[in-house]
Amino acid sequence: MAAAHSKKKAALAYRRPGQPNTLVEVGSHVCFGGEKIVLIGGPCAVESQKQITDTAKAVAKAGAAMLRGGAWKPRTSPYDFQGLKEEGLVMLAEARKVTDLPIVTEVLDPRDVEKVSAVADMLQIGSRSVQNFPLLREVGASNKPVLLKRGMMTTIEEWLAAAEYILAAGNSQVVLCERGIRTFETALRNTLDVGAVAVLKHITHLPVIVDPSHAAGDFRYVAALARAAIAAGADGLLVESHWRPAEALSDACQSLTPEQFQEMTDQCRSVAAAIGRTL
Amino acid sequence: MAAAHSKKKAALAYRRPGQPNTLVEVGSHVCFGGEKIVLIGGPCAVESQKQITDTAKAVAKAGAAMLRGGAWKPRTSPYDFQGLKEEGLVMLAEARKVTDLPIVTEVLDPRDVEKVSAVADMLQIGSRSVQNFPLLREVGASNKPVLLKRGMMTTIEEWLAAAEYILAAGNSQVVLCERGIRTFETALRNTLDVGAVAVLKHITHLPVIVDPSHAAGDFRYVAALARAAIAAGADGLLVESHWRPAEALSDACQSLTPEQFQEMTDQCRSVAAAIGRTL
Amino acid sequence: MAAAHSKKKAALAYRRPGQPNTLVEVGSHVCFGGEKIVLIGGPCAVESQKQITDTAKAVAKAGAAMLRGGAWKPRTSPYDFQGLKEEGLVMLAEARKVTDLPIVTEVLDPRDVEKVSAVADMLQIGSRSVQNFPLLREVGASNKPVLLKRGMMTTIEEWLAAAEYILAAGNSQVVLCERGIRTFETALRNTLDVGAVAVLKHITHLPVIVDPSHAAGDFRYVAALARAAIAAGADGLLVESHWRPAEALSDACQSLTPEQFQEMTDQCRSVAAAIGRTL
Amino acid sequence: MAAAHSKKKAALAYRRPGQPNTLVEVGSHVCFGGEKIVLIGGPCAVESQKQITDTAKAVAKAGAAMLRGGAWKPRTSPYDFQGLKEEGLVMLAEARKVTDLPIVTEVLDPRDVEKVSAVADMLQIGSRSVQNFPLLREVGASNKPVLLKRGMMTTIEEWLAAAEYILAAGNSQVVLCERGIRTFETALRNTLDVGAVAVLKHITHLPVIVDPSHAAGDFRYVAALARAAIAAGADGLLVESHWRPAEALSDACQSLTPEQFQEMTDQCRSVAAAIGRTL
C-alpha cells in the first residue's frame, strides 16, 4: 500500500512495467543509463583558473567523461568559503574549452538557474536542496539535464518524489546521485547506502550514480566505495579530485590526487568489466 | 574542541558568558524568551476565509497569542495541495483583523520574502529549508522576526549555524523551533528531541519553542508532547489546530479540534505554573 | 496492519480494550502504575559500603522510594570496571537495611538470576540485554518484578515483544523504562524519546518509567528531562546519584550530587502536582 | 583522541602498525583473511534433515566452503519458531558428513556454549548478542573460531570492543560480519554499511565478511549487495539459501533458491577476480 501510494505520488519517476532505462545525454559524448559507466571528476569548489584547468586535465587523462566543480557552495557556516560564483562559471567554461569535458555545477538559488544554465552542461541539485521545491520547479523548467543528489536523511521514496517535481515540470533528463546518508555511525562522514542503488535500478527508469567522496569524507576509503558502487550497478561516479588536495579550500581530506584518481579509475574499470560494463 | 569550533562558526548564535536571553517581539503584545510562554495556534494550511477566521477565533479564545497558517506549502509530492499562495496571505490578514492575533507564515522561496513580509508579522523557515542558505540570507535582510524550524536531520550545531546566517545578515530576531527529528522509531511521525530544548536554553541566547504536532503526527499525543516541552523549558508552542480537522487538506490526523486545543492549553498552563512561568 | 500484527506477537503486553493499568508492587510500600510516581535513585555502580549507604540515605531523604546500584556492570570495554558482583549485592542489602529502600539491580547472565533474586527486590534488564531472550525467559520464570530497559536501537514494538517473553513465561510484574535512543544527534549521550512514554501509556497496561540520566549523559540536563518525563505521563524515574560524583568509577558526569537530586525531586514534585499526581 | 581512546579499550582488536592480517582457520580447508574469499551458505534455520542436507548439497555445488544453519533462533516474538535446538545440531552434523562442509551456527546462551562447541566448527554470535558480555567471555574461553556479527546499531568502535572481550579471554580466532545497520531508510530491511568493510580492513587485523541477506531482507537485492561487499574488500559472504524458500519457517523472503545462489556466486567470482582475489 505504501508502494502504491508512492507510485501515485511520483508516477513519472517510478518505472512502469516494462519501461526501459531512460538515457540522459550531456553534451555530444556523454550518456547516463547505458552500458557505459560515466565518471565525473573534479574539485569540490572552483578556486582558480589554474586549479580547475589542471585538475580537469588530470581527470580527463584518467578517464573522466565530465568535470565537476562548485561555483556556488552551500556551506554550514556563513563564515566558510562560499564559492567564486559567476567568476567560477567563467573558469569552468575555460576548463571545458581546454579539455572538452562537459561541466556539471551546483545551482542553489532559483534566481540563479538561468545564469548557471547559460554555462553549465548539467545542473546539480545538492543534498541540502533535494526538497527545495521552488528550485526543483525552476530546474524542471530549464532545458538542462539535472543531477539530483539525495539528501542526508531523505528516503528513497521522498527522493523520487523530489525527482517528480522536475519531471512534472517538463524536464525528463534527471540523474539520481546517492551520496551517503546520516546514521549513528561516525567512522565515516556518511553511510553509503549501496542498497539504494540496487533498489533504484529496479523501481525507477532514471540513471543512478554514486558520490563516494562525500560518503567517505576520507580519501583513503573513496576507491573502495567507488568499486562497491559499480559492483552494485551504479551508472556513474561523481568523485572529488584536486590537483593539490592539501591546498583545497574545502573538502581537502576527501579529495583524491590525480594519481589516486587514476588508481581508483583503473580499479573501477576492472569491476565494471566483471559485470559486463565499460568505464 | 568540537564545541569551540562550533562557537567560532556561529559566534552570534551561541551564548557568550553572562549573555542574557534575547527577547524577540512580534507585534505589540507578543514576546518570545521572557517569563511568559507564547502559544501559537492555527491550521497547517490556509484553506478558506471561513476556515482560517473561525480557527483563529477558537485558538484566540483558548489562549493563543499568535496565529499560524501556511499560504505556501512545501509538500513531498508535486501533486499534493501546494497552498493558496497570495490569496492565503490575504485571508490571514483578514483573520488577524478579526482576532488581533499576529501572524506567522512560511516563506519557501527567496523571491517571495518581500511579498510575505508585507503581510506577515513573523516569517517561518520550514524544516526542509533550514539549510536553504539563499533563503536564510534573504530573511536575514528583512526586518521581520524569523521562526527557524529545525530540519528532520539537522544537528543542534548545524541548526545554530543556520541561525547564524540570519543573524550575520543583520536580523537578530530569531526564534528556534524544535519539531522532532527522524530516527529509526516509526510509532510517531518524528521523535521529539526534548533534550535539544534543554541544551539550547543553555548554549544559545535565542528563544526556543516546540512544535508538538509535527513531532507526534497524531492528535492523541500532541498534548503530552506539549506538556513535556513546557516542562523542559520551552519558551513557546506551535500547535496545529483546525476548526474541523476531518476536512483539513493536509495534516488532518495531527490537528486538534478547538476543544482539544483548549484542553491542551489548560494542561500546559498548569505545567507552566509548576515551573514558575505563565502561559 | 502493522499494529494488528504486533498485538498478536505480544498479546499479553498490549492493552486490551478497557484493560486497566497493571500495578507492579515492589516490597510493601512501592507501587508502579498508580497515581503516585516512583522515584528510584542511587549510583551507577556499587563501589563501597560507605558509598552505597551514604548515597542511599541521601536519595531517601530527597524522596526516593527505591535504591538502584549495579553489582554486575555491562561495559563496552573488557578493561573497564565490571562491578563488585556478589560483594556488591551484600552491600546493597546492607544499604537497604539502613534506609528501608527496596533495591533494583541489574542481572546480566541467566546463570545469575537465582543469585540476584535472592537479594534484590526488583531485577533490572539493561539496555544491551533487551533482546537477550534466554535472560528474559529466566527472569520470566523468577518471582521478582522486572525493570525492562529499552535498548538504544529497539523500536517500541520490539520492546513490547521483549516484555512478552517475560509475561509469557509467567511473570506479569514488568515495568518498562525509556532511557534514550541512538540517533544522529550527539549533543547529548542519547535522545530521550519522550513520545514513547505517551504512546506506551496508550498501547500497553504496563507501567512506564524514564531514566533521564542515561538519556542526558550530562548532569546539567537531567532535571529538565526528568520534568519532561513526568509531564508526558511517566510513572516513575530512575536517576543516577552519587554522594561524590567526581569519585565515581563510572558515569561520573551524569550523576547528580545529593543537593542536585533534591532540587530535581522538588521540581518534579511540582510538575507531578500540575498533572494531578504525586511524587 | 577518540581513536586513541578506542585503541586502548580494544588493544588486541585494532591493528598495530605493520601487523599482518590474522588468518582464521575453520576445519582443514577453510581460511578467512587470505586471498581466497570464503562463501558460507545455508538456511536461516535448520528445519528438517532433508531441508538442511539438500540445501547443503546445493550450496556446496555452487561453491560454498561452509554451511550455516540456526539451531537456536533469536526471535523478536516468543511465539515465533525458536529453532530445533539440540536436534538441529544433530542434523547439521549429518549434513556436514554428507557434504564435508564445516558448520557455523549461532549460540545464544552462555550455558549452551559447550554443547554447541561439541558439534559446530565455528560459533556465531548474532546481532542481538554483540554486547552480551557473559556470552562473549564464554566463547572467548572456548577453542572454536567465532563469527561476531555487528549489532543493528553498534558503532564500529563498540563492535571492536566486543571482539576484544573474546580476544582478551584468550580466543584469537574472531571473524567480524557486517550485516546492515538500522537507519531511517526502510526500503530494505537494513542499510548495508559497505564503508564499514573498508574501514575495518584498515584498522583491524581481523577478517571481515558480509551478510547481504539480512541487510537486504529481499532476495532480489542480495546479489547486488554481495557483489558490492566483495568489491569493497570483504573476506567472505554469509548468504541465506534454502532449497525451497517459499516453505521456509523464517526469513523466507530473503533466502535464495539454489539457482539464485549459483548465479550470485558466479557474479561474485567475477568481481573477486577483478580485484585480484578468488572465490
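Should a chain be cited, it is by its letter among A, B, C and D, assigned in written order, with residues numbered from 1 in that chain.
Heads up, the rule we're going with is that a contact is a pair of C-beta atoms (placed from the backbone, for glycine too) under 8 Å apart; a residue touches a chain by one contact, two chains touch by 3 or more.
Here the structure is a predicted model, which is why all the values come from computation and not from measurement.
Looking across B-D, A-D or A-B, the interface that copies C-D in more than half of its residue contact pairs is found at A-B. Chain centres here are Cα averages; for chain A and chain B they lie 34 Å apart. Per-chain Cα centroids separate chain A from chain C by 48 Å. Those residues of chain B in touch with two or more other chains are numbered 153, 182-184, 186. If the chains shown are joined wherever they touch, the resulting network links each chain directly to all the rest.
Every residue of chain B that touches chain C in the complex is listed here, in rising order: 153, 155-157, 180-181, 183-188, 191-199, 201-202, 215-216, 220-221, 224-225, 227-233, 267, 270-271, 273-275. Chain A meets chain C in the complex at residues 153, 182-184, 186. Those residues of chain A lying in contact with chain B across their complex are 8-10, 74-80, 108-111, 128-129, 131-134, 151-153, 158, 161-162, 164-165, 168-169, 182.
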